[in-house]
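So, here come the structures, one by one.
Two complexes follow with chain A in common, the first pairing it with chain B and the second with chain C.
Presenting the complex of A and B:
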């Protein structure tokens, strides 16, 4: 069996594994530890060159207080929600329907359309920067949340459809045939037969897209520019003044910005596991 | 009604009736005044909003519309903004940075404002606001550059503020003998090296030569330019600068000075706030003007100036000019540059400044001891592309001084490509 279970390996290997694991973990987490450490330091530590040491005073309250009460951070967080949630709903809803059509019906250009959806995923999104920016400006959607949401939905639907179509394909087709025999309308089959079976896929996809969009920095910078529309990933740079980078506030802001996707993962963990076992039991 | 007003105003402007300030004062300002500002950071933003509100209050019939754009974003938006449906007043920078908009006819010529007696108080930046013999904007703030040094370290080794190059080099040798670097610098983002070049070149060859070089009128391989680099190299060969400076940003270079491993920093006045945060109070920190190198040339100082301009397509020229008079007046400049506002220097020589050691020395230096002229800093005086190639060369020179010939050849090729 590969990999060999740890219990079956030699004692020396078990010990070195147990020693190496925490070390590797710490090295891997070093950047995050640094950011967490930076976020509770006073500004003077950065001028003194005390980057990695113990904070000279514990300033978590004042740093995080500034993030929440003396900056546009709450505004940016709200923007992120207003961008992420509609995108998740829009992309998942569209891809469910597209996936249903591509997975259930047999029509001539079925495969072609499916390939077009997949092909979209192979386009490196950076090369779309200039045309998308121009398109948004021409549509008067530049620097608006709507513009960002529409673009994200359009772009994420490709990947979501691939995911959904394959999931629906794997469902037992006799279920749908049975429903048809009963004379149920096609849209009702989608709503009452297929959709309930897709719950684990919906949950998994929603969590995935939520983190994708929440963590998006590139399009946030390209398509928006002020506190009216920018999400939190782009808004963090607001802590920089004209001449100085406020590392302590940016770190505190980054931690706050990273919390929602982390929370999302832990809250939805059950759905991940439910999704995995559901597939296995069949 | 509204459009009639606009047309009649435009007609007045076209006829040149409104040229004198008396005419503007005679009838109340009305209509709209549209301002686009790039003062987007929190403190400057509050200042700008205060300015617009105060001006609106002084002219109740005038509707002042203020739009604040992100400072970085504005650098790419200004051309669009000035082209289609232009506002009346915009923010920008002095000197060569105005060049593209002056050449494209997007900034209004406001030489008539500068001819008014009140504007004599702004004489220190008149040169920086002049292109092709006319003035194109007004300054509202600037800040000095110079050498910030550890007073306590200087006292410890019995050193005085140097006034000429020999004293400078002698000071540096003493510091090095005691294991202290003379200067901290972080050239990772290149521009800090530009400050050193500005000072050594203008002290060696004078302001006029420096600006001629910036305009592309002088070859980089000229012997006078080589002399500048020879002077600079004296310091580099002594080991005056901290090691590995190409890996630090300007902020990351601060700890060397705060911890006493380096004694001085050639920097803009914005560094003072950071140094004070690091625990250097006024007993440990002091300032001196960059010393004389060539006694035949007058002091020229780096003082990057932020400005207001009128768009050539402005709809309300009267109000725009009145706004420019307003922001350059001694009272307004005193207020907006105070510690609670921008915390920088007013340009108006009649303005007063906060009780701050460094602001006081800077104001004194720029108002009365910068006879050569005010430079805007390397990346504002030189053409943008020349500046970016140039600063890379300067950084390379500081790390590998032996590559000088190569670097100068490269800069010269760039100059010929850009300016010819």
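Presenting the complex of A and C:
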């Protein structure tokens, strides 16, 4: 193990390490701590210049209450949910199938198609912006959740296919050969042999895509414009203009907007990190 | 020498199978690929071509496209008797700043990973807490940092005041604003690189480390000659995601400064958006031309990434 395990180091270093850990963490999270502190302060603290000190009274309930009951925030949160969940399902379903095709079968253009999926995934969004916006307008899907979902599914399919294909590649191939010898139809092999083995990959991808899509901002401003369809990342700007310069409410709002993926990460940490670090070890 | 197979072939026993059955192995992959390929073609592959096409036009996004040849590029790059588009120059240099400085996330991530790669009680908690800024949306990261930088209410100036420095108005100062935004971007990016390295460190061969220790290697020598070579896959991925992230930077700029002050924080991706969907009218053709330039800038990296992956792919078989 590197660096040298703590047990084998000097007593002084052991103690300083234990002291350093929390200090480093506080410095690391300082901007966030400041915002969390903002969000539980009463308005009067900002008037009196008590910006970063201890709140003079604990006003979390009234601040967060305002976010949920006196703004469009719940609407935006729901929109985000209705955009994110179908995208996760769609992208994972499409890429499972594509990953199966590219991981199991040998045909001439296999590697070419695989690399087109990877390459598309690296492309800057901006080169897609004008045509995709135009396409969405022409399909009468501008400013709808469906328009956003369709694009997200298509774009995420690139990354997901890369992920699924590499995962399927690592499965024991004799299993599939055995099924073929038994005369099982190919689509049944996918459904009953491969799919059950892919559960960890499915979980990892689902949490990753959930986070990516929830946090998307660019496509939200390109393809939607109002509270009927905008997700929370875009809606927060409207929220902030409603409560201009009311830092206690704006920070409560952004904490609420950021929370779902954070909760998802802490609940599904193992899958999340497994997905994110795929390929970091050979 | 031919030996009949132990398992009787099912293929031979059914001479009258349908066309699909006979070609099942050849057709199935295409059936499975079809939906993903259609989606990807319609929304990703074809639009790349369309953007090239649109970049040779003047178009407001609604009416007819008017063919202008390479006029958009000439205006952008200042070919002929005109000056190079000043906003483009600023954006381009800012993109380079992003590219170079964003790479600091890699050594910073490695440093934190080395610091946290211990087995004391509660270390799992520390690892998650160090990582979780990555999960927060860039919009919120942008807001958090713009409040952190506030000249009066921000915590940064309060901390600087303790050391007798400041106050600075980072986002209001054209010479500092871009660096302030990049610092905000480095926060989640460093977390990402950290988790890549933590995973990599976990897989470092302990026997090699012990052997090197017996040979007297330690500290930075050990890191450089023994550990880093084993972390190569993690470094490669960190490099890929950091480069892509640097060139995609849009959310932070849009939220923190909206390109200002005096347009000093624009990057190509932001400038492109501004031209195409600005309040002064939609200049889709010009925007598409900027996107094409950005695309070529990225293409160099994409080619390198794909080549490395292709080499690995060939090596694996």
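Following the convention adopted for this analysis, the second predicted complex is superposed on the first by the 255 of 282 C-alpha atoms of A that agree within 3 Å, B and C clash if a C-alpha of one lies under 4 Å from a C-alpha of the other, contacts with A are read in each partner's own complex, and residues count from 1 in each chain.
The rule is simple: contacts are C-beta pairs under 8 Å (C-beta built on N, C-alpha and C of every residue); 3 or more make two chains touch, one makes a residue touch a chain.
Computed from a prediction, not measured in an experiment: that's the story for all the values here.
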Chain B or chain C, by number of chain A residues touched: C
Touching partner for A:43 - first (chain B), second (chain C), both, neither: first
First (chain B), second (chain C), both or neither touched by A:242: first
Touched partner set for A:226, first chain B, second chain C, both or neither: first
First (chain B), second (chain C), both or neither touched by A:134: second
Touched partner set for A:64, first chain B, second chain C, both or neither: neither
Partner chain in contact with A:142 - chain B first, chain C second, else both or neither: neither
Which superposed partner A:163 touches (first chain B, second chain C, both, neither): neither
Which of chain B and chain C A:2 touches, first, second, both or neither: second
Touching partner for A:214 - first (chain B), second (chain C), both, neither: second
Contacts on chain A seen with chain B and repeated with chain C across the two complexes: 46
Footprint of chain B on chain A - complex, ascending: 43-44, 46-49, 225-226, 241-245
Touching residues on chain B, where the partner in the complex is chain A: 41-44, 69-71, 73, 249, 251, 254-256, 258-259, 268, 270, 273-275, 277-279
Complex contacts: residues of chain C adjacent to chain A: 7, 10, 24-26, 28-33, 35-37, 39-40, 42-48, 50-51, 54, 61, 114-115, 117-120, 126, 128-133, 135-140, 143-145, 147-148, 152-155, 158-159, 187, 192, 195-196, 199-204, 206, 209, 218, 222-223, 226-227, 233-234, 237, 240, 244, 247-248, 250-251, 254-255, 268-269, 272-273, 276-277, 284, 287-288, 290-292, 294-295, 298, 301-302, 305-306, 309-310, 313
Touch list for chain A against partner chain C, complex: 1-6, 17-18, 21, 24-25, 28-32, 34-35, 38, 46, 51-52, 94-95, 97-98, 100-102, 104-105, 107, 110-111, 113, 115-120, 122-135, 150-151, 153-155, 157-158, 161, 181, 183, 185-187, 190, 211, 214-215, 217-218, 221-222, 233, 236-237, 240, 247, 250-251, 254-255, 257-258, 261-262, 264-266, 269, 273, 276-277, 279-282
